[in-house]
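Worksheet: the structure to be examined is printed underneath.
Lettered A, B, C, D and E in written order, each chain numbered from 1.
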Amino acid sequence: MDIATVLGMILGATFVFLAVREDIGTFMDLSSVYITVGGTLGASMISFGMSDLLNVFAVTRNAFFNKKRDQSQIISSMVDLGEKARREGILALEREMPRIDDDFLKKALQLAVDGNEPEIIETVMGTEVENMEERHKIGKSFWETVGSMGPAWGMIGTLIGLIMMLKSLDDPSNIGAGMAVALITTLYGSIIANLFAIPLSNKLDRRSKEDALLMNMVLFGVLSIHSGDNPRVTREKLETFLAPKLRKGNN
Amino acid sequence: MDIATVLGMILGATFVFLAVREDIGTFMDLSSVYITVGGTLGASMISFGMSDLLNVFAVTRNAFFNKKRDQSQIISSMVDLGEKARREGILALEREMPRIDDDFLKKALQLAVDGNEPEIIETVMGTEVENMEERHKIGKSFWETVGSMGPAWGMIGTLIGLIMMLKSLDDPSNIGAGMAVALITTLYGSIIANLFAIPLSNKLDRRSKEDALLMNMVLFGVLSIHSGDNPRVTREKLETFLAPKLRKGNN
Amino acid sequence: MDIATVLGMILGATFVFLAVREDIGTFMDLSSVYITVGGTLGASMISFGMSDLLNVFAVTRNAFFNKKRDQSQIISSMVDLGEKARREGILALEREMPRIDDDFLKKALQLAVDGNEPEIIETVMGTEVENMEERHKIGKSFWETVGSMGPAWGMIGTLIGLIMMLKSLDDPSNIGAGMAVALITTLYGSIIANLFAIPLSNKLDRRSKEDALLMNMVLFGVLSIHSGDNPRVTREKLETFLAPKLRKGNN
Amino acid sequence: MDIATVLGMILGATFVFLAVREDIGTFMDLSSVYITVGGTLGASMISFGMSDLLNVFAVTRNAFFNKKRDQSQIISSMVDLGEKARREGILALEREMPRIDDDFLKKALQLAVDGNEPEIIETVMGTEVENMEERHKIGKSFWETVGSMGPAWGMIGTLIGLIMMLKSLDDPSNIGAGMAVALITTLYGSIIANLFAIPLSNKLDRRSKEDALLMNMVLFGVLSIHSGDNPRVTREKLETFLAPKLRKGNN
Amino acid sequence: MDIATVLGMILGATFVFLAVREDIGTFMDLSSVYITVGGTLGASMISFGMSDLLNVFAVTRNAFFNKKRDQSQIISSMVDLGEKARREGILALEREMPRIDDDFLKKALQLAVDGNEPEIIETVMGTEVENMEERHKIGKSFWETVGSMGPAWGMIGTLIGLIMMLKSLDDPSNIGAGMAVALITTLYGSIIANLFAIPLSNKLDRRSKEDALLMNMVLFGVLSIHSGDNPRVTREKLETFLAPKLRKGNN
């Protein structure tokens, strides 16, 4: 569970609630929900096909749950594998396979054990990383679309409200109430965008980049093992991915 | 038929209709249609040449109809071709040609059967993918232009309406009605942009990327067959394009 | 003559005229022209040097006139040249030179006939394409600048008008007329941007990309001839630039 | 201490204070702080994970403190190292290590002394630079997010305030005071963005680019030493990084 | 002196002056200057370090003064050098050095005369061009920052003015004057951005690209001479940088 995502949403929602709580009835308006949410949903359905929309939910889970894979731990296990490969030959890694959880590492090691050239390993696993990023982009770009469609449909709702209010303007004392209702859709659209859609899009983007970075670390490590590097060198190469203070090789 | 595109448009239009239905006469204003649609159309005609405009309709059909080509099925047929090529030699694929529907696969296979170098196959078919994407970009960029011109001309209409209303301001009680009419063009422009143009532009962009991905898969597969890869390796290489859970090679 | 550019401008201008025609005197305001056009012109002069400004007019002509070079025709003539080169040797193309109109093709062929390596031909003619695109970018970026400066200076005019009107607000009944005048500059700026500058910038961008595509086709063809490809192969390579339905090689 | 960052903040804050000082009570509104800061904080927490948020503070320090590493001085010390390596062999640089402060230079030299190929040194140290830039991007993109969320949540606060004020509009004489309060959140959001977040984001971006440039200079120098260049050539190569007037090699 | 930069500023300023001249006292407001200019300056100081700010003035001079280096003349002198090198050997160019003004050409020729490989010349001089562009970017990005901070701080000033005016709203007849004063900061910010900052940023960007183009021409020419090209070929290669009508080689 990524506590920051959930806490952030609760925090934002709480402050919105506190700001409106004295007058909460005013801010609950069903027809404003219809036009803002309905329009945003319609535009998103056009933008993405049905099958993409179904994927979005699976991908969005990444914003709430993360596996907390530790970079230092990946380095340690790569160095262990490297030592074993140096002592007993790269084929000995075949016996380690069942103990490895990470599918990406498993596949890369299998390619190395099978005796493929480094270029092949790099191409196949690199395509794997690229395609993973491509799939994750659906989540990012779905929420980006919601983040721009929300305020746009909020404004459409406000325009409709304003036009109706202005047209039937008999009693000037009603202007205030009419404008208040008209503005509610803009408020809804802004909250959809700035409390949910844009932050989720940002988070999914970061998560995807983090995953790609870890995969590239693993690939870099497998290539280093495959080329017969001294495990100390493998560690040093991999630690270029860490912030200086987290490195052990410097001690 | 891509049901999401049609459903999305119906959904959005329905919610707009529900919001305005009590007062629908107010929202139907012919001269507002003229300035918003006419201006947007004029600006789009300048931006694109006549021949491009005619292409736009053909390309836009892609947003409504999709051939639903299945990635797993492409992989299976590539693996089948690979097995045949391994057993009977790559020339045997010549006999498979008539059964192949996909022009892209056909052309790539023909190049392979004709004994061209992999670099040639990659260059020729890669140019094919690039040029397909280039042609599809016209659709995306046409609707993008409409999506930015719609609101701009809506605002021009509103400015014209406001100036006329303010100038002849004898009776303050007319302000409301005048502003209401002036705002209708902005509403039209926003709906053109956010219910049709921008979502269609998004969809065409995604569709083009999906097509390019499938073509790259096919090309990747033909090159793998051509280089004499074991069909199991061909499958593994192609499955890097799939989400992990859809892969068979892992079982 | 590119009819779409001219028709688009007439169409847009007509709809603006129809919208304002009843009250056209209101919309003609010389001091509004001064601040909007003068400011936009000043900002554009700073952005571009004198010599660039003079080039802009030459480049902008491309938006109105196009040579209508037909892709299929280029392919045919490349295939003809290829057949001649195959039958009589590449030096025989020297005799074809005087009949060739297109300077780019002429120069590329000359380089081939002179016996240069394909890398040299690709570098020299590729630099030619890049530099052509670089020169054409001046037109695109000039109109882009006008398209963002127009509305900005329109708003400056409106701010000046509003401040003067608000300051000397003795008689509330004058507010309307004052605001109407103030808004005219914003209207001018929007029309400059959305009827002329942005569409012209789009068009010049497309025209430049089309020219580059044709040049790349020609270069691709000359390299194919130079490498002694069978004319059928030359046609097939070049037809990757066409939409599938326009190809002859498939028949 | 980077005096410009601190001075700039004091300058901006002072001018804001001078503008509001006569009426400062009006501008202090706790519930406006809640919605603007709370919403911005919530959205930022969702966008970034907890661990990233903790890193942000460490990275942001770079905007306030800089080590003032001098390019000319780096060149001098690289040239000194180059002379020593030429006279006594590259292994002699091992003895210089303890005197070197800069970890990046140390690591690059160690790789050179250990007899690695230039390609290895370039790859390992290049990855080091890339990963440093990747880490620094968190700071830049955090403040960028704050810079766009601040005004967005300011507008949400203003919308809430406007709606409440308009709804309960009994006494027209209260409109002014209500709107004043509603606008305060927009003011807060603008100040958060334009006095702190966006300038800090700009500064962190520049600082990161400067660091990368210095690292690339050092790497360029080590590679030059490693390839046995004459120290005069090393100086000339490194001075391409300096503005012409700062170069000594030209004298 | 680049006359267009100065003329453009005078033109824009004149039209602003003409628009406000009847009521110029209204538009001169010292506290509006403080908040707009002070805030913009503060934000720019944070964004750039002190040393960068000092460089900005040196770089900005490029927008006002240009050396008017003529492309055709560069080609002629490169062709002359090429002829001399062909007749008397490349070492003969050493004697031409003192007559050459352009430091970039001098350095590139020196590298050629010293017998360096073309790859070395390309790398060293290419780094020179890149670093020149990097230094010039400070000017462009400083004025870009001012161009976005000006209007932002103008709006902050307007918000402060509006809030103060609305809060102390006793006499409705003061609304006009209060709003007028509040809007002045937005006007100042817009003029700073659209008359000075954005156009200067555009100009510096173009100037930097022109310089890079000329340097690349010179480098291209030196490499052509170094490879022993016939001077006619050197001219032809260099003329790919010119618009077709300016070329002599075609005659």
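Following the convention adopted for this analysis, contacts are C-beta pairs under 8 Å (C-beta built on N, C-alpha and C of every residue); 3 or more make two chains touch, one makes a residue touch a chain.
Not measured: the values here are computed from a predicted model.
**Student:** Following contacts chain by chain, what is the lowest number of steps it takes to reach chain D starting at chain B?
**Tutor:** 2
**Student:** Rotation angle for the CA superposition of chain A on chain B, to the nearest 5°?
**Tutor:** To map chain A onto chain B, rotate by about 70 degrees.
**Student:** Give a one-word verdict, same or different, on whether chain A and chain D use largely identical residue numbers at their interface, taking over half shared as same.
**Tutor:** Different residues, largely: of all residue numbers at this interface, under half are found in both copies.
**Student:** Distance between chain B and chain E based on Cα centroids, please, to the nearest Å.
**Tutor:** That gives a centre separation of 39 Å.
**Student:** Report the inter-centroid distance (CA atoms only) between chain D and chain E in whole Å.
**Tutor:** Computed value for the inter-centroid distance: 24 Å.
**Student:** Touching at least two other chains at once: which residues of chain D meet that condition?
**Tutor:** In chain D, no residue touches at least two other chains, as defined above.
**Student:** What pattern do the touching chains form: line, ring, star, complete or other?
**Tutor:** Contact pattern: a closed ring, each chain touching exactly two others.
**Student:** List, in order, the chains that make up the ring, beginning at chain C and going on to chain E.
**Tutor:** C, E, D, A, B
**Student:** Looking at the complex, which residues from chain D come into contact with chain A?
**Tutor:** Counting only chain D, the residues touching chain A are 31, 34-35, 38-39, 41-50, 52-53, 103, 124-125, 127-128, 131, 134-135, 145, 148-149, 152-153, 155-157, 159-160, 162-169.
**Student:** Report the residues of chain B in contact with chain A in the complex, numbered from low to high.
**Tutor:** 2-5, 7-16, 18-20, 22-23, 26-27, 63, 66, 173, 176-177, 179-180, 183-184, 186-187, 190-191, 193-195, 198-200, 202-203, 206, 213, 220, 236-237, 240-244, 250
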